[in-house]
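Common to both upcoming complexes is subunit A, partnered first by subunit B, then by subunit C.
On to the complex of A and B.
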């Protein structure tokens, strides 16, 4: 299997505190890997290491066969994108959506007019109102903002997308729609996805593979179906047990 | 909510209206003023307000209305011009300190703390004595200390903004630090900085007027509200208009700026800031 992303011996630090310990992880091309763990287990930190946002880290990040240096190339940022957890904090409140979506493409050399055309297609695809591009972020709901954030991530036509708790700030019905949209887009574009979540139900629904992180240490990895059938570690079993179940009569 | 839906607050309207009138008066001073503000006319000295001299005359027979209007040109233009460089420098340095953190923050913060430790007016007086009384001293002093306030505001805001997810998203779009500071952070810092600018301009006007009053600001015979107030203070009981009229102008300008600042703060707070 071809690897889209390979992480070797990743350690990360916030100040003097080490938050990731020798993490090794691979994500195959066109696969969706669910990264699970409690809050503070280092999941978002790992995403920040992959994208180069967190400088204080050691280890090797290999993206599509290329070892990444401390500074990522423009091409890397075209191919790797991320959707953040908090829809209210992920869009600059002072810019119109049109600016937010097109700026990234313009910096990649696409003309503003072409970028706008591509944005309109994406907006339609995301089921967002037609006048979205002319509006400011404050006039959208959380679910809409998250779809805008997803549209922004897709603007540069990436191969690999990191979704950091993309649905946890949304209510259940909106969550469902967002997940369906992610699945559809994944199929359409053949995306590789790193899906960070604490919600095992969501992970089970959307992920091919799974990786369990605890206190910055990778506990187990494997195919999602195998994990849900029988976790390899005690911690994995504990996590599964903790999933609330609704019993129907 | 779209931009056009936002309502202008009454305080902003009043502030802009008042400031608009003051600026208009300053610009059109040569048209409105019937007398040369420098022209002495000793036989007409110390006249109370009348049809010929609506705001009376001073001890040298100069028309107070003409002098007050010309003083508005001098004081308001110095107030605005002296703020420009400190505003730009302060906001830029503050944003760099807040955004980059680390050593950049340490150096800029050290500069801020050093300058802020000086008693403000003492520094003004020392510079004024070193450079001689006049407009130059005001500009130099304010260049030294005026940027501090903006730097502190911009630094605090940028430090919290840089951890926002939309800044990370901008980095992931491949934006350079400079671009992120100018295009992403600045539009968020600017409203707050402009509100501070309004308050600070009122403070600067008071400083200009105080220095004029103390005799180390704008020097006679250039019309200036501060020197006018000083000239009339010994005659407050007999010729109140000499000091009171320029005093009222200072107060009106201060009120206008405060209203604009408050109104803008309200307007932008509704946007979530």
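On to the complex of A and C.
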């Protein structure tokens, strides 16, 4: 199987404190890998290592067969995009959606007019209102804002998308719609996805593979179906047991 | 419903601008009963809870045909770190609450507070070596908050999403703890959450709120297995299930 991303012996530090310990991980092309763990387990830190945003780390990041240096190329930042948990913190409240969406493309050398055309297509695809590009973030609901954040990530036509808890701030019924949309887009564009979540229900719904992180140490990896049938580690089992289920009686 | 401890009839809440936030909400709860109020953001579930205990934000206008509360209420909140005083060591907060609310002497309060540490599986060395909220984990802070609420010996415990900010393994501990304490101490509980699964584990009765109204209420089994309202069905269907592990 072709790998989109390969991580070897990743260690990361905040100051003197080590937060990731020798993490080895691969994501196959067109696969969705769910990275689970509890708060402080190092999931978001790992995403920052992949994108080159965390300087104090060691180990090797291989993206689509190429070893990445400390400074990533513009092409890397076109091909790799990210969506964060809180759309309020990731969409500039003082910019119109049109500006927010086109800026990334303009930096990549697309003319503002062409960028606007592509944005309109994306807005339609995301089931957002037609006048979205002229409006400010505050006039949208949480679910709509998160779809805008996803649209922005797709603007540069990436191959690999990191979604960091993209549905955690959403209501359950809205979450369902968002997950379905991500699945459709994934098929249409052949995306490879690193899906970070604490919610095993969400992971099971959308991921092909799973990796469990605890206190910066990778506990287990494998196919999602195999994990949910029988976790390999005690911690995986504990995590799965802790998920609240509906009790009918 | 039994002898009612708390009865609210036709509660209406309006914002300063006049929008109708909570519409005609009626509910009641008897001794030792558990009621879950489930709804999504903006459904008015937290406001309803705040109206019961009298903590409505300024500017909210309230009308209520009948509001009868027999006995004491206590409340726990979603974010333990913002509801504990960060400059006030946790054990001292607990001892102060016990001393003031139970009207006992300081040494007596100290002893009772130590009992609560044990009941809530908090580190017992807190009694000798007190710590600030920032030095405890989120789960520990939430347990301190539960101890503070229960130390007032409430007849009704109002819970506003107390497990939402916690990790799943910690959430499970807090749910199990609340279940055990409720059985042991017999307080009634109103539990507000957006998480149907959590509500179903803690409550005998469920009320579903949407756009400020209770659209469905009944025994847990009835509401979950035979939802009368399409929205309730949508909520039940939205729960992404995971298989059991042995």
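Everything that follows uses one rule, which is that the second predicted complex is superposed on the first by the 246 of 249 C-alpha atoms of A that agree within 3 Å, B and C clash if a C-alpha of one lies under 4 Å from a C-alpha of the other, contacts with A are read in each partner's own complex, and residues count from 1 in each chain.
Simple rule for what comes next: a residue touches a chain if its C-beta (ideal position, glycine included) is under 8 Å from a C-beta of that chain, and two chains touch if they have at least 3 such contacts.
Note that the structure is a prediction, hence the values are computed from the model and not measured.
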| item | value |
| --- | --- |
| Which of subunit B and subunit C A:199 touches, first, second, both or neither | second |
| Partner chain(s) touched by A:231 [first = subunit B, second = subunit C, both, neither] | second |
| Which superposed partner A:95 touches (first subunit B, second subunit C, both, neither) | first |
| Residue ranges of subunit B touching subunit A (in the complex, touch as defined) | 1-3, 164-166, 168-175, 183-184, 187-188, 271-273 |
| Touching residues on subunit C, where the partner in the complex is subunit A | 40-41, 138, 167-172, 175, 194-198, 200-201, 220-221, 224-225, 234-236, 238-245 |
| Of subunit A, residues touching subunit B in the complex | 48, 51, 53, 74, 77-78, 80-82, 84-86, 89-95, 103-104, 107-108, 135-136, 138-139, 149, 152, 156 |
| Subunit C partner contacts - residues on subunit A that touch it in the complex | 38-39, 142, 171-176, 198-202, 204-205, 228-231, 237-249 |
